[in-house]
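Consider the two complexes below, in which chain A is the common component and chain B and chain C are the respective partners.
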Partner chain A sequence: MSDGVAMPRDGKGAARGRRAPLSSLWLLAPAAVLFLFVFILPVGEVALWSVQGEAGLSAENYEAALGAGPYRTILFGTLQLSFGVACACILVGYPAAYFLASRPPRNRTLLLLLILTPLWVSVLVRTFGWIVVLGREGLVNSMLLGIGAVDGPLQMLYTRGAVYIAMVQVLLPVAILVMFSTMTTINRSLLMASRILGASPWRGFVHIFLPLSAGGAVNAWMLTFVLALGFFITPALVGGPKETMIANLIATQITLTLDWGLGSALGMVLVIAGFAVVGAVALLFRRVTTLSGHGGSR
Partner chain B sequence: MKKLLWSLSVGAAIVGGAGDAALAQSANKSITIANYGGAWAETLNRICIEPFTKETGITVTQAATEDSLAQIRVQQTTKNILWDIAPTERSGLPVSSKNGWLEPIDWSVVDPENKLPPVARKQYAIGAIAYSTTIGVRTDKLPEGKTFSGWKDFWDVKSFPGPRTLRNSPAENLEFALIADGVKPSEVYTVLRSPDGVDRAFRKLDEIKPAITVWWTSGQQPVQLLASGEVFYATAFNGRIQQLQKDKLPVRIIWDGGSLDVSYYSIVKGARNVADAQKFMKYCWNTPSRLAEIARAMPYSSFNPDIYKILSADEAKELPTSPANLEVQFALDSEYWAENLPRIQKRWEAWRLQ
Partner chain C sequence: MKRSLWEMSGRYLLPVYFVGVLLYLLLPLLLVIPMSISETRYLKFPPQGFTLRWYQEFFASAGWIDATLRSLLIATASAALATAVGTAAALVLSREGSKAARAAGPVFLGPQVVPVIILALGTLLVFSRFGLYGSLWGVVLVHAVLALPFVTTTVSGALRQTGDTLARAARVLGARPHEAFWHVTLPAIRPAVISAAVFAFFISFDELVIALFVMGQNETLPMRIWADMRHDLTPVVAAVATLLIAVTFAAVFMSDLIQRRAKRRAG
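Let's turn to the complex of A and B:
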């Protein structure tokens, strides 16, 4: 990465560089074949189901999914919740990733391991853990009651707050790892140079480190957002009715009511909405993402 | 992950299918039973599968599933039949029979003496055992000197204050609401089928909604909530509440107005070994000695009346199909729900969000 080759600043060079010689396209073949069979074909089939009506093609499933009613409310609720969770992951994870990246490499391994350990525990178990902690007679309530801070147990479970806490805890390691890997590619001598030229540490951070790491943060946001969209165990176990996720609805249609047309339409809507949000964010932050793509190491 | 494993196994089955089928036909000595896994699968294995294999030489494979009906549909549409016997409770049976996904049961093999009542003797399924969705009550949280006796009390948040939980499903809950509203358990479906029935049930549910802290989704959740004191009153499967009692928790089970749900098993259309599947059904689910063993292992019981000749009176009173308990409950009408679930489910989602 830090090979000293100057990249043009206007981005045209990057586009030219991306054009790979045709002869090496076969390198993509294994991935393309896998992708075709495990993604494109199944999703295509689901897309077909979603437009099949009693007699031929029909938009009725999409009307049911997007028309006024519970499904639309739940879809917007899912997008909103995932948006909030992704933002919270970045806010909490960024300082942690910064801390990690500024440790000497030898100490990082242990710290990384600590961040990764929760990933080895099943989401279900971690969620039940939160039930124990946040419950009526749980850890937090017993403590608050014990020191006399509250008169009766607080209702913490089955609230939006509980869903935020549990989902952020599940997704945080992913966000930290993505941001961390971008931060390690940032050339620290740039910061040193800014200090030599008289900038304060804060100014160095705001003008050098933050822009160079922003791309990682945007990527981490997109990844956690997409993962959050598909959540359903956690919100179902620690949230209230208002935290019903679209994934729960899809599961109901597939396994309970056997309305696969509606289930497929809901699934397609989720995929498209996910792409739309991620696409919009990627466009919006195009400048920062391209910057950190190859700017960090120069 | 599970879905991935499943697709992989389907893939493997497609690749190896031709060879396997030929092998099975020549040997003809294996059946695959799908069920919900867990303690039930272990009980089946110990009481039925191991002795069955020993006596007949037929190997029995269990396959765990959580969404039997969807899987049956997939296997039928792809014509890749992996199971011989599959669970078809609730809307599973009416939906699969209507679509022609099941083999008829040969009752001359499975119930030659005609012991089972009609509810367990369906054209396309045997009612293997029954379980109840009943009320579990934390007795230590009851107000001083009051006895809790059924759905009217569940709805009475003034006399019996405290958090409650119900299943996140319109099936059963509409029935419970009607019973709380004064309908006799034996008449709930007559009322539900009447034009104003569903509206009446939802109106009654409006009253209890603020007291429901959580709508449970998986069977272990309500007992967990009862055990941790998160709720004082819960609907749950009778076996799970009885497990709490075994763990010495102050919990009582209320049979009054409970919903009796039959655990049906069917032979899927195109199953590789229909004959041996029928034999297994008779061996496991219609032999009194084994059914009594099953009832002792888990408090889920058969409709075969002969099991009460084997079980003691004390054992019998804990079972959902014992005469005394049978009388005060209603049987979940799976046909009603197969017909109406899609429509009512949407209303249910909307109602919960309000």
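Let's turn to the complex of A and C:
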């Protein structure tokens, strides 16, 4: 019997033998290095620029970003729009995720694939699709004119409504995916038990399924909200000047007015506001999210 | 009465609603296709006539082709980098109960939570400091970081599913760690690695915001589309979009097929 096959007698040696040989911590090193230089460093650089004034450390960029004026209006507009888009994603996506989760696993795969396919397609292409649908001579207008519902083409592009419709479409698959994964962990025999005990399916849904799936909905809301905050392409292409979001403003500061300090401060405000809202929501719905993780097994 | 109403809506209303959601998600994409063969110079629905002119214009234009090749190069390089680095990291992250895994897991999700615009801005600031502005390889690195969370999640999921019993057996029988990985672990997780690579490729290939900030004159395909959409919105965009949709759908179904076949083989 060679040494390599010998089983160590003491528990300690066995534990080491079980863990050590397959992968070393060094395998994390390339990822860590990449991460440090291409993620931590740039974000740190933004933080640095944001507090840099004419002469050393200063809060002037933040004063400009948060003081009364167009920047603050755009900041609140961005928060408001992202809030609305995230809520819409949950409301529209929840029944769809519920339907998916209640299918037998065989059909589920294909339906889920169909829902997720748009995620792979460039946001530019998806937004272009909305220009075709909502444009002056687009699908909706030509249909409305065709049946004589309107006299002239409606202005749908470059409005807040168009931004909502297009942004929800971009983010909806993400929301559905997150809610669906939580729903599949729900123990269905609980619903059956409630039926046997005489509850109506509606009551079973409200008192069992809804609370157990609410955590997924909250998580989906937080994720879509954060993603919406950074939206850049869609508002610029289908929104009007009123729908300018922080990201677009940052781009203008960087490329046109060349005010990198202000651009950085706006970026930091966006990140901090995003984390603050998500943190508040996570805290508010703490009980719901912890309940859902167990899928009713406790 | 109430009960039958609930069941009825579950049986009829919900499927109809689901189809509606699918249409909402997919129809705008599919409508791009007829627009690409319409003869009119501006976007008009329904499409008029039939022409392949816009495709010809795309393939004949040096600007479009250069941008496409540049994007292909960047996406291939960054997918290769993200897949290699991410798979290596997943080998550690998938180990249960490892402290490093528990600490590093959430950190790697960072790029998903921080808005891309911040990363774009930071990248510009860093790149201009180190003279990397307009550099292809700089963008490759950033795109790889964007794809990293997807690669590590996908691959560590597959690793957890297959377990490490076989790899450990190979080690006991005398294989070195890299041999055990190459001959035992990798074949088992190959489908996940492939689909992670495909996903990483598309993350880079479709990425606009960072490229827009740091690429300058070296236009990528998304930058070219963006410029066209902002200024004259020619039907060439519809042709490019159609090509992109075709390639993307093909890739999605291919990687699904690979996954499914692997599952069937595994029993």
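Assume the second predicted complex is superposed on the first by the 254 of 298 C-alpha atoms of A that agree within 3 Å, B and C clash if a C-alpha of one lies under 4 Å from a C-alpha of the other, contacts with A are read in each partner's own complex, and residues count from 1 in each chain.
Going forward, a residue touches a chain if its C-beta (ideal position, glycine included) is under 8 Å from a C-beta of that chain, and two chains touch if they have at least 3 such contacts.
Since we're looking at a predicted model, the values are computed, not measured.
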{"item": "Which superposed partner A:Pro95 touches (first chain B, second chain C, both, neither)", "value": "second"}
{"item": "Chain B versus chain C as contact partner of A:Thr252, first or second or both or neither", "value": "first"}
{"item": "Which of chain B and chain C A:Gly240 touches, first, second, both or neither", "value": "first"}
{"item": "Partner chain(s) touched by A:Leu157 [first = chain B, second = chain C, both, neither]", "value": "first"}
{"item": "Partner chain(s) touched by A:Leu27 [first = chain B, second = chain C, both, neither]", "value": "second"}
{"item": "Superposed model, chain A: greater residue contact from chain B or chain C", "value": "C"}
{"item": "Touched partner set for A:Ile131, first chain B, second chain C, both or neither", "value": "both"}
{"item": "Chain B/chain C common contact set on chain A", "value": "38, 128, 131-132, 135, 137-138, 236-237, 254-255"}
{"item": "Chain A-touching residues of chain C, taken from the complex the two chains share", "value": "2-3, 6-7, 10, 14-15, 17-18, 21-22, 24-29, 31-32, 35, 42-46, 81, 84-86, 88-89, 91-93, 95, 100, 104, 107-108, 110-111, 113-119, 121-126, 129, 141-142, 144-145, 148, 152, 164, 167-168, 171-172, 174, 177, 180-181, 199, 202, 205-206, 208-209, 212-213, 222, 225-226, 229-230, 233, 237-238, 241, 244-245, 248-249, 251-252, 256"}
{"item": "Complex interface listing, chain A residues touching chain B", "value": "38, 69-71, 73-74, 128, 131-132, 135-138, 155, 157-158, 236-237, 240-242, 244, 249, 252, 254-259"}
{"item": "List of chain A residues in touch with chain C within their complex", "value": "4-5, 18-19, 21-25, 27-28, 30-32, 34-35, 37-39, 41-46, 49, 92-93, 95-96, 98-100, 102, 111, 113-115, 117-118, 120-133, 135, 137-139, 141-142, 169, 172-173, 176, 200-202, 205, 226-227, 229-230, 232-233, 236-237, 246-247, 250-251, 254-255, 260, 263-264, 267, 270-271, 274"}
{"item": "Contact footprint of chain A on chain B as seen in their complex", "value": "7, 66-67, 69-70, 73, 91, 95, 163, 168, 213-215, 217, 221, 224, 228-230, 341-342, 345-346, 349-350, 352-353"}
